[in-house]
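Going by the order they are written in, the chains are A, B, C, D, E, F, G and H; count residues from 1 in each one.
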Amino acid sequence: MTSEQLAGLLAEVADGRLTPEAALERLRHLPFERLDFATIDHHRALRQGRPEVVYCAGKSIEHTVAICERLAAATGGFLGTRASDAQADALRARFPALRWHPVARVAHLAASDAPGPSGDAVLVISAGTSDLPVAEEAAIVAEAFGHVVERLTDVGVAGLHRILAAGDQLDRAKVIIVIAGMDGALPSVVGGLVRAPVIAVPTSVGYGASFGGLAALLTMLNSCASGVTVVNIDNGFGAAVAASRILSR
Amino acid sequence: MTSEQLAGLLAEVADGRLTPEAALERLRHLPFERLDFATIDHHRALRQGRPEVVYCAGKSIEHTVAICERLAAATGGFLGTRASDAQADALRARFPALRWHPVARVAHLAASDAPGPSGDAVLVISAGTSDLPVAEEAAIVAEAFGHVVERLTDVGVAGLHRILAAGDQLDRAKVIIVIAGMDGALPSVVGGLVRAPVIAVPTSVGYGASFGGLAALLTMLNSCASGVTVVNIDNGFGAAVAASRILSR
Amino acid sequence: MTSEQLAGLLAEVADGRLTPEAALERLRHLPFERLDFATIDHHRALRQGRPEVVYCAGKSIEHTVAICERLAAATGGFLGTRASDAQADALRARFPALRWHPVARVAHLAASDAPGPSGDAVLVISAGTSDLPVAEEAAIVAEAFGHVVERLTDVGVAGLHRILAAGDQLDRAKVIIVIAGMDGALPSVVGGLVRAPVIAVPTSVGYGASFGGLAALLTMLNSCASGVTVVNIDNGFGAAVAASRILSR
Amino acid sequence: MTSEQLAGLLAEVADGRLTPEAALERLRHLPFERLDFATIDHHRALRQGRPEVVYCAGKSIEHTVAICERLAAATGGFLGTRASDAQADALRARFPALRWHPVARVAHLAASDAPGPSGDAVLVISAGTSDLPVAEEAAIVAEAFGHVVERLTDVGVAGLHRILAAGDQLDRAKVIIVIAGMDGALPSVVGGLVRAPVIAVPTSVGYGASFGGLAALLTMLNSCASGVTVVNIDNGFGAAVAASRILSR
Amino acid sequence: MTSEQLAGLLAEVADGRLTPEAALERLRHLPFERLDFATIDHHRALRQGRPEVVYCAGKSIEHTVAICERLAAATGGFLGTRASDAQADALRARFPALRWHPVARVAHLAASDAPGPSGDAVLVISAGTSDLPVAEEAAIVAEAFGHVVERLTDVGVAGLHRILAAGDQLDRAKVIIVIAGMDGALPSVVGGLVRAPVIAVPTSVGYGASFGGLAALLTMLNSCASGVTVVNIDNGFGAAVAASRILSR
Amino acid sequence: MTSEQLAGLLAEVADGRLTPEAALERLRHLPFERLDFATIDHHRALRQGRPEVVYCAGKSIEHTVAICERLAAATGGFLGTRASDAQADALRARFPALRWHPVARVAHLAASDAPGPSGDAVLVISAGTSDLPVAEEAAIVAEAFGHVVERLTDVGVAGLHRILAAGDQLDRAKVIIVIAGMDGALPSVVGGLVRAPVIAVPTSVGYGASFGGLAALLTMLNSCASGVTVVNIDNGFGAAVAASRILSR
Amino acid sequence: MTSEQLAGLLAEVADGRLTPEAALERLRHLPFERLDFATIDHHRALRQGRPEVVYCAGKSIEHTVAICERLAAATGGFLGTRASDAQADALRARFPALRWHPVARVAHLAASDAPGPSGDAVLVISAGTSDLPVAEEAAIVAEAFGHVVERLTDVGVAGLHRILAAGDQLDRAKVIIVIAGMDGALPSVVGGLVRAPVIAVPTSVGYGASFGGLAALLTMLNSCASGVTVVNIDNGFGAAVAASRILSR
Amino acid sequence: MTSEQLAGLLAEVADGRLTPEAALERLRHLPFERLDFATIDHHRALRQGRPEVVYCAGKSIEHTVAICERLAAATGGFLGTRASDAQADALRARFPALRWHPVARVAHLAASDAPGPSGDAVLVISAGTSDLPVAEEAAIVAEAFGHVVERLTDVGVAGLHRILAAGDQLDRAKVIIVIAGMDGALPSVVGGLVRAPVIAVPTSVGYGASFGGLAALLTMLNSCASGVTVVNIDNGFGAAVAASRILSR
């Protein structure tokens, strides 16, 4: 509820168009919906310009479907991340129009009036083939948010000519998401080559002293290319939202 | 060197305007300058639209001054971060026009032709008074890069009405830097309130299980407000560069 | 054995009502019962006002049932936490009156003379739907200890209006348990809004740099809302006992 | 601002006693005071029943004195924790009535109308002599909040008869703060002996694998005595606030 | 090869009873046996007074059986720890006289001429029922090494009277192994009560901030009862060997 | 592309033998091949003298086979590490000449014109039988790279005479790979005995405080035998490449 | 208070030789002495056969001297560890007979009737010269407890012949303390050579990835020589007490 | 003592040229020298081809000088690393020919007959100016060991053209030491460009989440350029020894 809305509400009370009790009621009933097991934030689209996304991991199939039903009822669609095959099956059974992206583990039901991708592109770069699930999560989510997405795959720093050969694409990009596991060195190289915002995503790809992605995370936080920002390990979704925040600025 | 420049160079060789040897020379002598103890990247302004910044920590006074002299000779100014009092004194003695910001530990010599701040503002929010050095580093650097800066200070989540009272300022902001130590919870709250990009900076403020800022860093990486990005602990400089990348997009 | 009981015992010896040998025996045979694989503390109810609870994780089904049988024989009931489905099945087969709470993994056999819930309520707040198993463990255990429980679910800080809308409930609460994974920021916000005791429970909900709940744990230990206390990751049971200690004060 | 206050405000607007503009103003100007470097929360006493406390570590002397002056002007007194000798000297020079506790590093200016300690006592137990600074911080703060404090010092578990000999004191206590470094085992023993709430404070006393108090912190979080809650390492202040929350329930 | 044996060998060479070549051969062929996948140390019994023990975890069934066959051939028996059910089945099929202890995961083939347990007893104390597998590993191994073993089970510090009631047993013990997970506090209490050597074994029992036994390990390393020594997490075997080194002194 | 090649290219342009457009094309089309899901670096053999190796872990069977097909087409063979049984089966079905090493998890298709092993030997030493998979990965990879390999197995420091008996082999070795889990002490001992390069490989063999190989890794990084270098935990492959870099020097 | 003493006390009460009130008093007044800042355990000598030792680190000079005075009054002497120069000066001023060991930071006042060293020797082995302060703390404390001490210095595993040359000394030893920093590998080698109890002490000697002794600590906990026990980093005192527990068995 | 020397010794005994007693004596008196506080390994030069180096950190000035005197007496020179200014002053006073390198903290007394640098060069690359102390330690030590050294300074990956411009130098190098702090990404880039052995040295340069060099260390251990080996944080000395082992192969 913005300051302007509050001023309007108070004016209605002063005018006698609204009783104090009714105003109090309205102030209390902000636009969210309380289920037994969840409190759905229908207000978020208004507040942030993006629909609420369902993080499916760890939720029961019943809860997942029920939450998605409420979102579909309110906004015409929804986006579910980290979905299991079983959750995806249940959602597809309930919503035949659902699109399921198995590599990204993303289930998307587009609102019927959702516009197609438009505007500046998000460039999603991944260091290795094993980073694809995270890269695809970022790409699919950005597309679901209405952004154009370009992909550059398997261009890690051990074969530097691969990323150097993409100079034009790098120069053109308005926002870049760089995804890397193991040594996590790629964002430092990309960050030094471009002037666009760079969002680094460490992945849990690796073994031993990668400690589940900690090594790549620390590398990126300490990037000697300044102005690189970082999201959580394997958090392709968060990188897409960050890119969307920038493009929607 | 962009693809276009390379094409141009090759055309000159084909035209006979340039010998192969001279072209080779030009391809080899990219615009950096090698000192005994440093390799200065004069090319960065061209490549990234921001001057090279000198990270002064751990450098000798002699090296610091010498590097700054080369930058000033090449670009008319420089920016030094994490400077000690002794380094600042030496730089001020050498460059009388230098501005020294002791809280932020930033020394700035503006190029004489540098334009004043303009464009969209960066909003720098800090959770507590002890976070001021990091907040000021972010603010001063953003200003040195030509951006307008607004500040909102000491509005941590334990007194939530303080940040809620700044609703208009939050709504207006195009890029927000949120700085917090201890529990690092402020970016999650701000990230949930705004649609703008949010860059979170954990600080080493705290004791015990804050482990030098690790607690705040992990909080921010796990922010339940999606799309919040994070830079290194106490890295106000990096946040400013990230904001500048976004505003210069 | 309290000081008063010891004085009474000594008086009986002085009176000749008790031989030294019998007194020694009684001093030695404090009220616990030694099985081959466990030493059951029947004395705890006396000492702490709460029955001994069986932590079922890692115990064989046979041991679990045997321990519960001894407790039921001595006190008429028992409470088993972290039970597996198989353990629950075996207990239900043996104790038809058992109540099994599958989300909370709690098995409860109420003593037939156990009074119903009464007194001040414990308010159990959870940040997200995925935190429900921990929240339910806390709630069920508090109820089993005879306390009234209120629940507030899925009110994390990324949609701040959800917790703010519960102001009355927060003001009324005498003890609050706040459960959150990922960034663990909710207890800081709640702790700043209320004057009641706040017990924070980090959960292992999250991925990557949540490090199995470590992130949320550190956040809570560094809460900038002062006087928030913390229990182990996922320890809904411990939070309920802490709340019960406060209400039974 | 409570729901009741909001209802009253709206009633005044409905009555015409207050214009919508004035009401908006009042809703905006919540009771905090913005300095250049701090945002002071005068509302906290109202909200939480305890004055705002100044965490002095890392603040400049000028900032510290200025913040304390505003608090003294608004409420007649203040409490400063983690103060340096220099900060304490400056505060004493400005406020002759200030009481300075050098072991606890606490500076206290009592409001002239502050009542003496009363009500149930807080029992502060420490495991070793080296834990005294943390124990005294807890004790002095609890006294400043108006509580009676009892102390039990140097009763670590390696000489178990020392804590066992204090059975009566333990039985009588309504809230117990247990402070221990090194192995941090004392809260487990105390928690098993009493039915009162137990707040455990790990200290950084120790060396090597105590890792600055991490060992004691982990011990306490894993206490096999259920219902023990924990605050940050060396956080005597937080334990006192938690105790005060319980006693003020 | 001891100094005395070396002197004897050299004397034989001087006497002409042994050629230099034969001596060199003997010096080279120390008593170990090289398989393709293992180098078995038959010399250890001689050197340390205890047979080589096979750590079965991670070995293939074929390798496990082959190594045990060589040991049985050389010494008449063997001891296998951390054996899987499948390894145990294969060993039992090959050695009908094998004794398999499923809780301890220890397989033991006693040499036919092995004397029965004798001498001072090892007292094995465990804090909880879930610690039994580690406690049994310690107990079974100590018995296999020829020592008398006493057990005291489920006597954790949360119910202190259980360990206090065992005062006589503690006073009598010549070596004590104390096994505890979670807070790992029991060795500190036992170490303060007895004068005998105390070997502490942390277990991985617990969850959340127990971090797989790290919490208990750190507790024990920081024990405020001095002179408590520690072995690896869950290393009941190592504790038994340490006890045997002490008793065989 | 080396400096010489660049000079040659420029000369062709100057001569008119190559148009600028064709040169630009050649400069852009460096020798890698872009699949949808991978960017294969055919240039590596040229650049580093060793074929690109496929790290199979986490790749789908389809991707694995497709990448290997391209490598086989380009170079006649390939080397796949960390392959699953399913991946190995699929590769064997496609390439009948493939050699599959199940202990090492390495799949090798030798180019038909690959020379046999020759030159100085790599000595691969392992501390225990459980370290064999890592040791074999190192050995098989080194052989695939054309090096002679010697093996010394199960010679950990607890039975020091086993490694001391191999003095001649140690003296002769030109490069030594030392593989150890648990305490990771063997490289320190070997490093003190030889003058050859020593590459230490920590393994995840162990339990408890080995923390998945972290203990051995730290031991090796702190080796008191100077000049010992270390690779990632369980990284037998990396050790083989490092050895090959040395022998190919 | 042993069971026998308790039986005796009860017999006196039964006989009328002791009133219940006096018995209660005696049961309450166990032999410790309460100062304002410390609770001194005069009973420990009785209970454990070794005097209470003052851990001086972090204690004020006044407290240190006062505690030592009480111990000297009760037992004729005391032992202070981790003493600063200032504490040592103050103690020497008060107790002219005090012996101060600056490398070990140990202050010792022997009781006038203390017997000289006797019995089996403790062998204290250190890996490097930088480990001497810890080694000397162990040696001096063991001597103060009445044990004969032998020393073997700077015999780390990088020059293996140094420890191998001490074979006789190793064979003779009844208890061995092995002190090492950096890789901490020496106890594994010694543990494999001897049959005596081996107490390993990691030291904080090293830098970088030694992490203040963590590397050596983990090495020792994972020693592949079985039965090696470990104490805290730099805890020479604890090793001496452990050795004394063994020799006094 | 090699196998050949042992054969010779035995032959002398067989011949009667040596009594068994004398042989035993010689076998016992291996070439090291025992001081009170150190055991100097004069044998190392023989065994490893490099003189013993004195690690000066943490040693007293007296010990440092005494050890260097013995080494100078035995071999004509010595090398001291991590020396303090005070140690360097004392050594210079004692050995006027000493060369002191203050950036590298290395003190070197060359034996009068030491040959000048020769053979293949070691290329020492550093990422930033702040890494110079570590780079210089590596370079000076390599020169002291008789190797030619080339340096490439301040060529971090954020300005990639700086390292790419050094292609010829990289191609020529036979051994490369790469030194980097912060993100530690440079060895991955260099390792992908060259076929020579690459030894990576993480430095403690950085702040916050660099955790004293841990971030760079993990990056290097996880390098996606295969065959990169790693030494301890800041261990320029170790890298030089590793390079020397390779060149002396």
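Throughout what follows, a contact is a pair of C-beta atoms (placed from the backbone, for glycine too) under 8 Å apart; a residue touches a chain by one contact, two chains touch by 3 or more.
Being a predicted model, the structure only gives us computed values, none of them experimental.
Listing every chain that touches chain D and chain E alike gives C, G. Between the contact lists of chain C and chain F, the overlap consists of A, B, E, G. Among the remaining chains, the Cα-based centre furthest from that of chain F is the centre of D.
Farthest chain from chain E, judged by C-alpha centroids: B.
The geometric centre of chain A is 40 Å away from that of chain D, both derived from CA atoms. One simple way to say how far apart two chains are is to compare their mean CA positions; for chain B and chain C this gives 49 Å.
Mean C-alpha positions place chain B and chain H at a centre distance of 38 Å. For chain F, residues touching at least two other chains, in rising order: 3, 28, 159, 192-193, 208-210, 214, 217, 221-222, 226, 232-233.
Contact between chains, as defined at the top, is found for A-B, A-C, A-D, A-F, A-H, B-C, B-D, B-F, B-H, C-D, C-E, C-G, D-E, D-G, E-F, E-G, E-H, F-G, F-H, G-H. Contact residues of chain H toward chain A in the complex are 127-128, 156-160, 164, 182-185, 188-189, 191-193, 206, 208-211, 214-216, 218-226. Interface of chain G with chain H (complex): residues 129-130, 132, 153-155, 159, 161-162, 165, 205, 207-210. Chain A makes touch with chain B in their complex at residues 2-3, 47-50, 53, 120, 167-168, 171, 174-175, 193-199, 217, 221-222, 226-233, 237-238, 240-242, 244-246, 248-249. Residues 1, 28, 30, 32, 34-39, 41, 43-44, 55, 57-59, 63, 67, 202, 204, 212-214, 217, 232-235 of chain F touch chain A in their complex. On chain C, the positions that touch chain G within their shared complex are 3, 6-7, 10-11, 13-14, 16, 19-20, 23-24, 27-28.
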